[in-house]
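Read from first to last, the chains carry the letters A, B and C; within each, the first residue is number 1.
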Amino acid sequence: MPSTLLAQRGPTIAAAANLNFALNEIAEQFARERGATVEIVFGASGTLTRQIQDGAPFEMFLAADEEFPNRLSGAGLTRDAGVVYAVGRLVLFAPTGSPLTVDERLDGLTQLMKKGGVTRFAIANPDVAPYGRAAEAVLRKRGLWDALRPQLVMGDTIAQATQFATTGNAVGGLIAYSLVLAPAFGERGTYVVIPESDHPPLRQRMVLLKKAGAVATQFYEYVQSAAARAILRKHGFAVPQ
Amino acid sequence: MDWTALRVSLWLGAGTIAILLPLGVWFGRWLARRDFPGKALVEALVTVPLVLPPTVLGFYLLVTFGARSPLGQAFQSVAGQSLPFSFAGLLVASAIANIPFVVQPIQRGFEAIPADVLDAASCCGLSPWQRFLRIEVPLAWPGILTAAILTFAHTLGEFGVVLMVGGNLPGETRTLSVAIYDRMQAFDDRSAGVMAATLLVISVVTLMTTTVLSRRVGLRRV
Amino acid sequence: MSGFDVSERRLTVQLRQPGPIPLDVEFTCDPGDVLAIFGPSGSGKTTILRSIAGLSRPRLASVRSGTETWSDTGADVFAPPHRRAVGFVFQEYALFPHLSAAGNVVTALGHCPREERQSRAEALLAQVHLSGLSSRRPHQLSGGERQRVALARALARQPAVLLLDEPFAAVDRAVRRHLQHDLDEVRRTLDIPVILVTHDFDDVVRLATHVLLLEQGRTVAWGPVATLMSRPDLAWLREGVGLGSVFEAVVSRVQSDRRLAELTFDGGTLLAPDRKIAQGTAVRVRIPAREVILATSPPAGLSLHNVLSATVSAVHVDPASDHGIVQLAIGPSRLLAEVTRDAISALGIVPGQPLHALIKSVSIQTFSAE
């Protein structure tokens, strides 16, 4: 039966979609160094939180923000309040061939909107994805939110938003720096990192859940190690001191 | 190619058939034989999962059996695991979602047997059970086969309920269709493509088998 | 024939219900007898058969086969169909479409050891002249062949009662003759009660020993064919098929030069066209009542072969019509003559009066098992 297959595997860890590549690399290195494996399930932080509340058998949760893990610790489902393991960054991305020119202040986007050249623009869903909320803040700050709304295409996760931004007929999107840097992402277009001051910080918190075992605890500590921090940095995250 | 996901998918399809087919034969036959006030309502209820968005089913299953519900907590204390986010939970969801695919063809299959033929079987000295095995099941076979294959194909393709109720746990609830979605999210188009092609081939083969088998059965009857 | 008292294997039936199909019948059928339940469609004939088989459950039912009680609503006894030794031939045959002819018969051989079933089935199929067709499926058989499979299947169970529901309704005339013949043959070897439901008078005259006339679920008349057919008062039968007396006879002599056969019956002899029937053959004779002419004195100078001396045993005048029925006694046999009321008064016909019955040879119908 499939359930026995699971038993032979490592603990299951829930992680925000923007960690898709960084965390896999950390897990591989963890496996090499410590000889233990973890299974990582990526999803929207909100969806994963909901699943944990409904009894999903995760042992550790790396969110894309602080609010969701705080909700879990408030409900007494976690071992403690957890730690901030990374701070994420947003990029304005334009796929190859898009009429959008990218710049920190979103002037290119504003110009293109005035010309009516924006067909679709991708962000993550602000309701369930922290990167969506950050994107919303950036667009509001530039006064583009209301005008752009009809053109927004929203992904459930920042990974899905990135899919839309690169493969759909979107002119571009506000997506995670970590995903744009992933080798699998390839050279799909141009991007510029949005200044941190333009949106509330994307402080990403992780927590160990009540049922966490030894391997999950080890992995939790490993994510905070110098080796893991180096990988996170390489993938475009800032890491707290 | 995620072989584990393929195995989960196949297990889910087989498990759903194993649970649902005996129930479907019993219930479909009962519906085919009985006339009672409110039969139309019962038949409509059986069909509901056909038109119900999978998310509605997922919602109710989570609300009913989630870790925060009394029923879910009771289940957890008895079974030692929660129903959602487990293979068992997927089975339950899949069984409910497939009720119309099983009951309807089987009901039609039994309805197609002339009443005289059943009477003749009794007059040949067959007990109700012998009659069921030797006359009714062979004659309703096209309907039963259609039910099994539709269920299998539908289970392989099920996505919404699986994702909602099962999550995306490798080896447990990550089916092939969810794995495709998962790989897409990771820009791993190659794996997603291989798995999509696999599902396509399985679906085509499954449906071809139905056609061939039902034609053979059809030749037998005319 | 077996040495048992016939009452030990007699079928006794009593059925009563106000609806949905009203029923009020009571009859028995002895082994070797063929009781034809005759009546228009919708009169409840099939319901009677189904009640005997246990497929229908009338409000009040008593069905006994010899010493076994199959239904007794008074004592709350009900044997399910599969526990009743009935052979049932359904109107549309109701063969199992997924099984071969032999498979159909084998299904009813559950009482036999497994290894004997196939050969028994083949033997039964041979008995109904289907030797080469045992592996065919029903859809590969003609209507008449399906009928025979259904008959073989009904016999396979070694039934205590054979029930036939309009067995010839779906086959053409020529096939029908063959099937009637086969059935008659089977009936003679079986020595069990046979109930035949039909709305075709031809079946009655050819096969039945007894008749139950049914109208809206009620018995109009029940008795031996000859007695019932010579009753002058069955107006409904007259409207339906025409009255006619039926009696048993033997071909005592064949005058091949004159192409006539001499038929001896209980009371006299008749000359009828020979119709290639061999001497010594038992035949059933039917004489339509309209074909009988009455005379007070023996006629001369007519082309008639048959002039029978008779005594008027009953006169029935239907007030609603201008016809009358005269029943004549010729020895123990009874002959019906249908004449106008005017003729009855002109000849002054009253019971006890001697008369001569004149019958044209060509109007005599003969039915033989061969």
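The criterion applied here is as follows: contacts are C-beta pairs under 8 Å (C-beta built on N, C-alpha and C of every residue); 3 or more make two chains touch, one makes a residue touch a chain.
All figures in this text were calculated on a predicted structure; none of them were measured in a lab.
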Closest chain to global C-alpha mean, per-chain Cα centroids: B
Most distant chain from chain A by Cα centroid: C
Interchain centroid distance [CA atoms averaged], chain A/chain C, Å: 91
Chain B and chain C: spacing of chain centres that average the CA atoms, whole Å: 55
Between chain A and chain B, centroid-to-centroid distance (C-alpha), Å: 36
Residues on chain B engaged by chain C in the complex (per definition of touch): 114, 116-117, 119-128, 130-131, 134-135, 138-139, 220-222
List of chain A residues in touch with chain B within their complex: 1-3, 5-6, 9, 12, 17, 20-21, 39, 41-43, 51, 53-57, 157, 159-160, 162-163, 182, 184-186
Chain B-facing residues of chain C, complex: 50, 53-55, 80-82, 84-88, 90-92, 94-98, 107-108, 110-111, 137, 139, 153-154, 156-157
Parts of chain B lying in touch with chain A, wherever the complex brings them together: 4, 7-8, 11, 62, 66-68, 72, 76, 81-82, 84-87, 167-172, 174, 182, 184-188
